Amino acid sequence: MGEKTVSKKRGKFDLIISKYGILFVLAAIIIVAGIISPAFLTGQNILNILKQVSATGMLAIGMTFVIISGGVDLSMGSILSLCGVVCVIMIPLVGTPLAILIALAVGVVCGTLNGIFITLTGGTMGSAFIITFGMATALGSLALTVTNGANVNAAAFADFKEIGQGSWGIVPITVVIFVVAVIAAQFVLRKTTFGRINYCLGINDEATHLSGIKVKKFRVLVYTVAGLFTALGAVMLCSRVSSASPIQGEGYELDAIAAVVLGGTRMGGGSGSAAKTVIGVLMFGILTNALNVMGVSSYQQMIVKGIIIMVAVLMDKRSIRVENEMLARTV
Amino acid sequence: MKHISKSFPGVMALDDVTFSVGEGEVHALVGENGAGKSTLMKIINGVYSADQGEIYISGKKVSIKNPLDAQRNGVSIIFQEFNLVDTLSVAENIFIGRLGGKKKMIDWKSIYKEAEKLLKSLNYDLDPRAAVETLSVAQMQMTEIAKAMSFDAKIIIMDEPSAVLTDNELKKLFDIVEDLKKRGITVIYISHRLEEIFQICDKVTVLRDGKIIDTGNVEDLNKEQIIEMMVGRKLDQEFPKREKKIGDVILRAKGLRRGDRVQDVSFELRRGEILGFAGLVGAGRTETMRLLFGADQMTAGSIELNGKQVHIKSPMEAKGEGIALLPEDRKKQGLLLELPITENISLVKLKKVMSKGNLINKKKEKDVAKGYFDSLKIKAPSVTQRVYFLSGGNQQKVVIAKWLFSDADIFILDEPTRGIDVGAKYEIYMLMNELVAQGKSIILISSEMNEIIAMSDRIMVMHDGKICAELNGEEITPENVLKHAIN
Amino acid sequence: MKEKISQFCRKNIVVIGIGILLVFMAFAAPNYFAYSTLTGLLTQVAIYGIVACAMTIAIIGGEFDLSVSSILPLATLLFAAMLPTLGLPLTIVVVTLIGVGIGCINGFFVAITKINAFIVTLATMIAIKGIMLTFCDGMPMPAVNESARQLAMGNVGGITVTVMIFFGCVILTELVLRKTKYGRNVFATGGNYDVAQYAGINVRFIKFSLFAILGGAAALAGTLLTCRLQAGSPLYGSDVALYVVSAAVLGGTSLAGGRGSAVRTLLGMLFIGMLLQIFTYINVYTYMQQLIQGAIVVVVVIMDALPSRKKGSDEEPVTVGNPE
Amino acid sequence: AEPSDSAAPAEESSSAAAPAEEESSEPAAEGTTKIVYLNGLLTAPYFGYLDTAMTDHAKELGVDLQILDGKMDNQVMYDQALSLIDQGDIDAIILTPVDMAGSVSIVQAITDAEIPLIICNSRVDASVEPLTDSLICCDPGYEGEVVGKLAVEQIPDGGKCAILEGVAGQEAQIYRTEGFKKAVEGSNIEIVDQKICEWDKAKAMSATDDLITAYPDLSIIYAQDDTMALGAIEAIKAAGKMDQIKVFGLGYMGDASKEALLAGELFGTCTQSPSWEGVTALDVAMDVINGKEVEEWYMTECLPVTKENCEEIDHGYNE
């Protein structure tokens, strides 16, 4: 449990820097990239970044729910692959809208299975880790089985491609979906029973249980929601790249966790928000894009990325400490 | 300690406190919840550093920056909140950080032997190999006490060591304190049970709102005076009177059983009644109540509510049937420490703080919390303060508020006044009276003899998982209760 | 006695799992039961097993490290690069020390600046990968050397030197965890950080050391892997972090810290190793292999949880008392 | 090793396949020949085609074929190899290593056990290559070269070129770039950037977005496989720069590639037939088991493919 030796007065300026530390790092990256490469700050490029992060951002939003509840989901990548191939395979058979619904259903079922298994095994971080690890292996190979290892092409389905490639005005549809999803997630977390209990699960599930709350039901629901967001991400991704590959989700779960944690949501649960996750998602998206645009080689990009993540969290770490003090002071 | 000040965000916990304790005396420190007692002790022990002030031990100025410094200066402490590593054994917790002394390798045999010796010297029967997570709260407390004793300390601080102990252990504790006194060791004793102070302490210091009110010899003071100093006003009586209006049976438990912890427990609870459950630590009272509340599943027995048989399999269903349980371990079972007071209270009945469309209404939530905040006199900078930062007693009040909010008909209160100051206790008793006056019923588990005797209409005494006596009216005397509890 | 065995099984999920696999193999592929299968299995898990030992200590201390997935491949490359000039023993020492050094960086950020270990080790993992790829320009490096080969292959009755080193690590870890002051302080720190701190344990040092050990172990494993495969590559060992954490968790080490043992992790390693091994004995449609592996993990974990459910309480048993 | 006439062994052995079955009965347990395919790159889509073709062919031949997933990990494959050797009833092993350098131990172990070893698709380290019985693959450097030459040919004016690469550290990633660079040397094509996209279409798309922003005058993208090339095309389409940027791929993938070529979106790629490789590897393995002479290297045909020739070339490739 946090710092106990608190105190020492802080200047106001100090407070602001600390509270919004990660935003300052983000701003710094944007400014530096803007100066080095004028192309970075163009409207087109900003839209590009948003497009690039939308689909994977959905996973991060789902992961936010899971992490707040004190769990983790390592199977998201595999669920993404599975939903993707199922969706694209189904389109010629049942049409786009129904295929998407089926894909979402697959995501929901996988998520719910995760939730049920995790609840059966005690609902701890450890059980979430190992169950979703097993599920990742199993579901990943299910996706491979479905397509026999090959890619499935969706180039011929114009209406499906519209989701990922079309735009309303200048705003790409995927970005709209992502923004809506973030707002919805934030709303659910802040305003609904499910959201509130999600935090409680991550803080102390025994006390929550003894408050007469169906802890198990809600824990399953958390993973169901994560599965749904993953499936949405899968549809967006497949439609953007107009094909589905049975391994396309590999490693995305770690990216999602990274974005959530970088945003400032604590591993172990009990705090965090969808809005914070968006910052994490953008941070990764902007960083990659900026380095690409500046022409940094792929290898060196990794070095720079590692260092910048560390700096960002270092600044944010301070902000968490300060936030605690501030929260204690709010009236 | 001279001129100690300490502030937390929004609170001035200690305000220029100067406090001295003579060598070899047992010095009581009393005050309302949130008065700053624990904070002061944590400063002596190096957990917090004071904003201002100095500490002198045996006339020498010392700098205590962390608990290790305190140990080196011969100060050891029993924290108010448990300070044990759950996953480790009793022996290891006692010698934590000092295992094996200077040697790198550990000689487990000698450690267990030493722990056993120590526990024996405390006249307490506890397996030093047991993991702490398997212990009852009282056993944990005794482990804490053993831990504090294991240092070669000159000053031992006990922050509410008795709150979770029953008479049996309490006696042992008193023996320990007597023994320490004989050996010339200084004890600082914090307690809300004022009788204890008269039993074992030489001097008493009263703290209120972070300031020292007075220090005096225990012999020169009486309970009323101390209470007056603590609360700042006179409290004519400790237990408020009430008119009894006992109605029909509302709850009937028949033959409850779970393993050998609860064996064939049957009792009835009437409308408007306060039913006391007395017994020694580990008598099975908590376990019985967990069955009623659906927190554990019974292996046999049945429960009738208003004459109808009910099957309660989870706290959720119990809540639906109008049963509330105030658990004995507030930190682990009662509170979400990282959430604010508001959210802790509203959790049991989120529906009541929702506006149209089933959305949580923060304002309503705040208003509700504010109500309890005022009526229970919870001391905190605001209702949105996180419970983590509250003093122990105030945390307890939040748990009470939470269950009051649930609108239950039957309140099971497991040690409700644990760690609560006299003033607040009085408020809680008033509240209980008010509840029964409304026709609600209360099951009160308490290890504090006075409280259970004064408050209960009827008392069930448990021993070893069985009900061994039911005391009514005139039969309710301390001697009777004790006799049956010890069996 | 029976009681004791059943209790042991209940506490050790993987024992059940291993049992099931053995029964299954008895029917599916009787030729599985050979001494060489066992030595093969041990050889297979030995290298990651060294990292697993260190990870067990770290998990007990309440921490977690992703960056071993980069430290290990980096070590294989460094080893391959240095071997020709430095000779075998010195190379192993130098590479291991470099690993410790990287671990110290992780340790510094986690213990001193108190950043979440997940994000720290993620950052170092990415950065080291970049450094490594720059260093070798993405190319694997051969490391063909007879004495190195002997280190990996040389054996006594099928037990290779690597396996012996691994067993040494398990015993050492177990000894450190059970018998030394340091080991117990790790338990205390992982079990309850505040309490450990109040007890005067140098919690920062403990946390710091966890990562240093991990770095060293990952690098040592990297050197042995290079000896075995006679090459270093940036691709090696990229799954080691998840692999060993899973093994530890399967073995019953709690991710919440304060609980666990190296022997249990060893069991977990063997179980996962067997899952990989059995498919060389039975011919299953390729993609189904992983499906089965994943399903077995899930089933075994659930089976372990079921008996405690039947006993009554639905959440983790809350109440006091040792089970008789 | 000199590339031989690639078509020959395939024909030869398919006719020899039937008698092979009966002859080979002595080493095998119950009359069937057991061949194991150790595939380190199993999950790459290319091998989806390869494995299917090989499995089907095994059924035709009545061979007991077992395919093992090497999980992109030489260590796993090494353990699998040891375990197989241990079982002792395997007639031949076909191997697709993850990388050259790390295959040394695997090859040594298998050849020490005197099990016939056929390498498929990716080469093993030169030091142990002589130990193997045969090699069926295309030279990744050569593939890159073919595409590079195609690019020089098709776009004599040249321009700025970016490369989308596979997983960092893989043989294919390294040599496909090397070969390409060799071919464009001295031409007007200037390589300005290389991005790791891990054979992933979505990553290729994002990288292309960024490349377009970074190099407004970019005129060529060379992707190390057609999947990434198709990703690049999607991004270029979205940016409305189809006229300006010309995309080259590698490893013709059948219909998906063909459509893109015919639509003029993909400028060129080269063939490498997974099914041919799979079938040939199995045939060669059978030949080795039956004691026939085999070539050292069956070179997978690598022909440039463009809009013009894709219709005819398609015949005989994927399935």
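We just call them A, B, C and D in the order they show up, numbering each chain from 1.
In this section, a contact is a pair of C-beta atoms (placed from the backbone, for glycine too) under 8 Å apart; a residue touches a chain by one contact, two chains touch by 3 or more.
The structure displayed is predicted, hence computed values, not measured ones.
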Identity of the chain that, by mean CA position, is farthest from chain C: B
Between chain D and chain C, distance of the C-alpha-averaged centres to the nearest whole Å: 34
Averaged-CA centre spacing for the pair chain C and chain B, given as whole angstrom: 43
Where chain B and chain D are represented by their mean Cα positions, the distance between them in whole Å: 71
Cα-centroid distance, chain A relative to chain C, in whole angstrom: 28
Sequence positions of chain D contacting 2 or more other chains: 42, 51, 168
Multi-partner residues of chain A (each touching 2 or more other chains): 1, 4, 144, 148-149, 206, 209, 298-299
Residues of chain B touching at least two other chains: 47, 295, 314, 333
Chains that touch, pairwise: A-B, A-C, A-D, B-C, C-D
Contacting residues of chain A [partner chain B, same complex]: 1, 4-7, 190-193, 195-196, 199-200, 203-204, 206-214, 270-271, 325-331
Chain A to chain D touching residues, read off their complex: 37, 39-40, 42, 44-45, 48, 51-52, 55, 144, 147-151, 153, 155, 165, 237, 240-243, 245-248, 250, 288-289, 292-295, 297-299
Residues of chain D defined as touching chain A within the complex: 42-45, 47-49, 51-52, 165, 168, 192-196, 200-202, 205-207, 209-211, 213-214, 216, 227, 230-231, 234, 237-239, 253, 255-256, 259
Residues on chain D engaged by chain C in the complex (per definition of touch): 36, 42, 51, 64, 66-69, 71-76, 78-80, 82-84, 86-87, 98-106, 125, 127, 167-170, 173-174
Contact set on chain C toward chain B in their complex: 178-182, 184-185, 187-188, 191-192, 194-201, 254, 258-259, 312-314, 318-322
